[in-house]
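Letters A, B and C mark the chains in the order given here, with residues in each chain numbered from 1 onward.
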Amino acid sequence: MAATDPMLSGGADFRTRLQNWLPKIVLAPSLAVMVIFVYGFIAFTVYLSFTDSRMLPSYGFVGFENYSDLFQIRTWDTAVTNLAIFASLYIVICTIIGLMLAILLDQKIRGEGFLRPIFLYPMALSFIVTGTAWKWMLDPAIGLENTMHLWGWESFEFNWIKDGDMAIYTIVIAAVWQSSGFVMAMFLAGLRGIDNEILKAAQMDGASNFQLYRRIILPQLRPAFLSAFVILSHLAIKSYDLVIALTGGGPGNATALPATFMYSYTFTRNQMGIGASSAVIMLMTIAAIMVPYLYAELREKK
Amino acid sequence: MGFLDINNVTKSYGSVEVLHKVDIQVQEGEFLVLVGPSGCGKSTLLNMIAGLEGITSGEIVIKDRVVNDVQPSKRNIAMVFQSYALYPNMTVGQNITFGLEMQGTPKAERDAAMADVAKLLQIEDLLKRKPGQLSGGQRQRVAMGRALVRDPDVFLFDEPLSNLDAKLRVDMRTEIKKLHQKLGTTIVYVTHDQIEAMTLSTRIAVMYNGYVQQLGTPKEIYDNPANLFVATFMGSPAMNVLPSKLVEMNGALHAQIQGADGQDVHLRIEDAPEAYRAFVGKDVVFGIRPEAITDPEGADRNARNIQALSNLVSVTEPAGADTFVSTTLSGKDCVARMRADADVHPGRPFEFAVNMDKAVLFDPKTENRIA
Amino acid sequence: MAMASSDNAVRSSNFTRALIYLVLILFALFYLLPFGIMLVNSLKPLEEITGGNMIALPQNWTIAPWLSAWSTAQIGVQPTGLRPYFINSIVMAVPAVAISTFVGALNGYVLTKWHFRGATWIFGLLLFSCFIPFQIVLIPMARILGILNISGTAYGLILVHVVYGIGFSTLYFRNYYAVFPTELVRAAQIDGAGFFQIFWRIMLPSSGPIIAVCCIWQFTNIWNDFLFGASFASGGSAPMTVALNNLVNSSTGVREYNVHFAGAIMAAGPTLLVYIVAGRYFVRGLMAGSVKG
């Protein structure tokens, strides 16, 4: 909706013309900042990924060498595999738990107002705090395993966090703990948005509760599923803090993710060209998910 | 030249032209109503007068000053919006005086002006309240107060009564009319409601598809609609428009229509305009308003040419003062408006009296009235 | 958002209801447990943690770990405690939140009420910038901060957070102002109010809820940020999250779990407080910021 046509013709006096330009003048700094700090920087990083930069940017052009090197590096391989495991489990488990809790909370639960904030509060915490809490809770020496031993279950073993093969799953646990409540809130909002008369009509038609959810309600939650998927996948690809706080990427490189890989190659191993190429791959992955989604959302709005 | 001139104004959004060469001259003190169905461009035209939308081509002149490039606040106009657009964070008093404050009017003067307007509209005891605490009718008054306080050259109203319930709408309509008679200010008023247009205006511009279809006094528009659109849009129930043929019989022109039984019926036309001659033997559209079809006793005593028409009654709808009677003519539903005590019964034949003074003919191809 | 309990047409038996409550309560425990354990163990002497049960209440209650975490614990090389870093985070977050919210409000106002050609494109670009992985800007940002001579300072981090916060704050205000009646703006124009007068006198006074949402969102994000803090703030200028990570992961000396927990709660404190005080807005923020485009 236009409040005015911004361009009155040349006959207008100076103040009028200034008023007409003000909106653009006000928006310009943000636009400039965005063009430089987001899109300019992206371009610069893409450029670096084709150079022989090491500790500092350098401008010797090396073509796709960094990318081919990148895919030779074992740690990158681990990072990508880890991301695949982490992201799929994280998305699936968060969605299942979130949907389940939302459906359960939607059964006219007494104390909903009390339970909902409990499910949701982890989202307010820093991943570093979450990581710290779970790091020591999962630590065999003082955490869960120790507690079970003290309670008399001597053979109980839970040392995933020290186990190179299993450590990535501890990250899934902590991440699910942090985000599933939020997914619950999204689904709950979706459920509350469904027209109750449709449900009543379906019951008149003789649908059982199960059929009601399967055939009527879940299909209507499609937008919530889509949003949950987009947000969770984007969070998964960006995951950095949680790994650093929980395992530091270890044991060894067992819990490396692309984000930690990028950081360590760029800033501690002085392989800036490779670090940049890994960042470009992360960006492209996220763009592949976000761009179609945002495009669809913006189009719908028009 | 008028007080407010809209000279050949067009408006395009991108490549789409939504207003085509609108040309209206409004005299001082006139109450001009722009009426038409939703989306026909009424608000766009009003917003262009207000300066809220740019003018693609043409000129708008207020009091001999071309205002195309003048800001809304400098045009000396005031506007009342459909949603009232009261500032939610300000009290009623602040709402009314905001415009004066923006112009730098001293506080004492603002307060005096506010007091006058509040008295005029009887909203003195609302001044300290916020818009959220007012009823629809009260908000409407405040919105008018905000416009009045500026003492503008032209008042612009954009569907100001559409958000009120039926009863309040009628009351406010009367009040707006009284206000206009009292203050004598020039008003341009947008509505999609043809009754509002008829009751309020001194002149009406009927709009459709971005064109002004007809500009004239309410009586001209009602009695002599320029085309089929105006004929059917203005008036409720709408004018009956029946496929018909113009024939010459016994030296007089007749409109030939088909009765419910399939037999041709001929209605004699007296004092036919010269233009009718060209349509003799051709298809025409016969237009007649419901109140021109009555029972014989209820017919207009001053009418010169009343023709009898016997036809089967299909439905009767008593509506208190009047009874609406439907009958089928030329394959279409035709509505007649009768006294409540007319002796009509569905399923029986009835002798209708058709006041042919009020009949009009349209060219089916151009849809324009033949005159 | 329709969080108020609605009339749900689905009915269930008593047994199912008991089961539902059981599952919900178990999950509530799951969500509460980590924080409860942190709290309990932050009030224990170290021996009770290393030699005892993590879930048990303290035998000897003590606030020594809290005092240590706040003012004497070893962070990096200095035994300063977390206090200076807590202050760093506040000094960084408050201006960054204020600036990005204000700029977002102006942008949203322009994009919705002064629509011009290309505005949708500009908004699309801003929107996408909300979702980029920040790794893609780390290298050039480090260079720019160096060139501007503000790397390792509060100014540097404020700049970074404002720059990457504008996208979201614009998104919030745009969505809010998109449904704000345009007729009000038109009425104000006719009343003679200019661009900024309309913003200050008409738009902002009606923007309370969205200002709250935006501030909460920005504050939570900025306070909880680790990546930018770790990348662009060194030593004494680090924010709270970085300091906490240093405290927990320092390899020297005995691991003082109780101090770590106390520190973690301190780092969580401000955002948790905001969440408790304004949880309603927090939820709305999460939803709006992530769901709507």
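We adopt the following convention: contacts are C-beta pairs under 8 Å (C-beta built on N, C-alpha and C of every residue); 3 or more make two chains touch, one makes a residue touch a chain.
This structure is a prediction, so every number in the text was calculated from the model and none was measured.
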{"item": "Chain contact topology (line, ring, star, complete or other)", "value": "complete"}
{"item": "Which of A-C and B-C has more C-beta pairs touching across its chains", "value": "A-C"}
{"item": "Between subunit C and subunit B, distance of the C-alpha-averaged centres to the nearest whole Å", "value": "57"}
{"item": "Inter-centroid spacing, subunit C versus subunit A (mean Cα positions, whole Å)", "value": "15"}
{"item": "Overlap residues in subunit A, where contacts from two or more other chains coincide", "value": "2-4, 19"}
{"item": "Touching two or more other chains - residue numbers and ranges from subunit B", "value": "51-52, 71"}
{"item": "Shared-contact residues (touching 2 or more other chains) in subunit C", "value": "186, 189"}
{"item": "Residue ranges of subunit A touching subunit B (in the complex, touch as defined)", "value": "2-5, 7-9, 11-13, 16, 19"}
{"item": "Of all residues in subunit A, those that touch subunit C in their complex", "value": "1-4, 6, 19, 22-24, 26-27, 29-31, 33-34, 37-42, 44-45, 48, 57, 97, 100-101, 104-109, 112, 115-130, 132-137, 141-144, 146-147, 150-151, 177, 181-182, 185-186, 188-189, 192-193, 196, 199-200, 203, 209, 212, 227, 231, 234, 237-238, 240-241, 244-245, 248, 258-259, 262-263, 266-267, 272, 275-276, 278-280, 282-283, 286-287, 290-291, 293-295, 297-298, 301-302"}
{"item": "Subunit B to subunit C touching residues, read off their complex", "value": "47, 50-52, 71-74, 77-79, 81-83, 85-89, 98-99, 102-103, 146"}
{"item": "Subunit B residues touching subunit A - in the complex, by the definition given at the top", "value": "51-54, 68-71"}
{"item": "Touch list for subunit C against partner subunit B, complex", "value": "181, 183-184, 186-193, 197, 201-202, 205-206"}
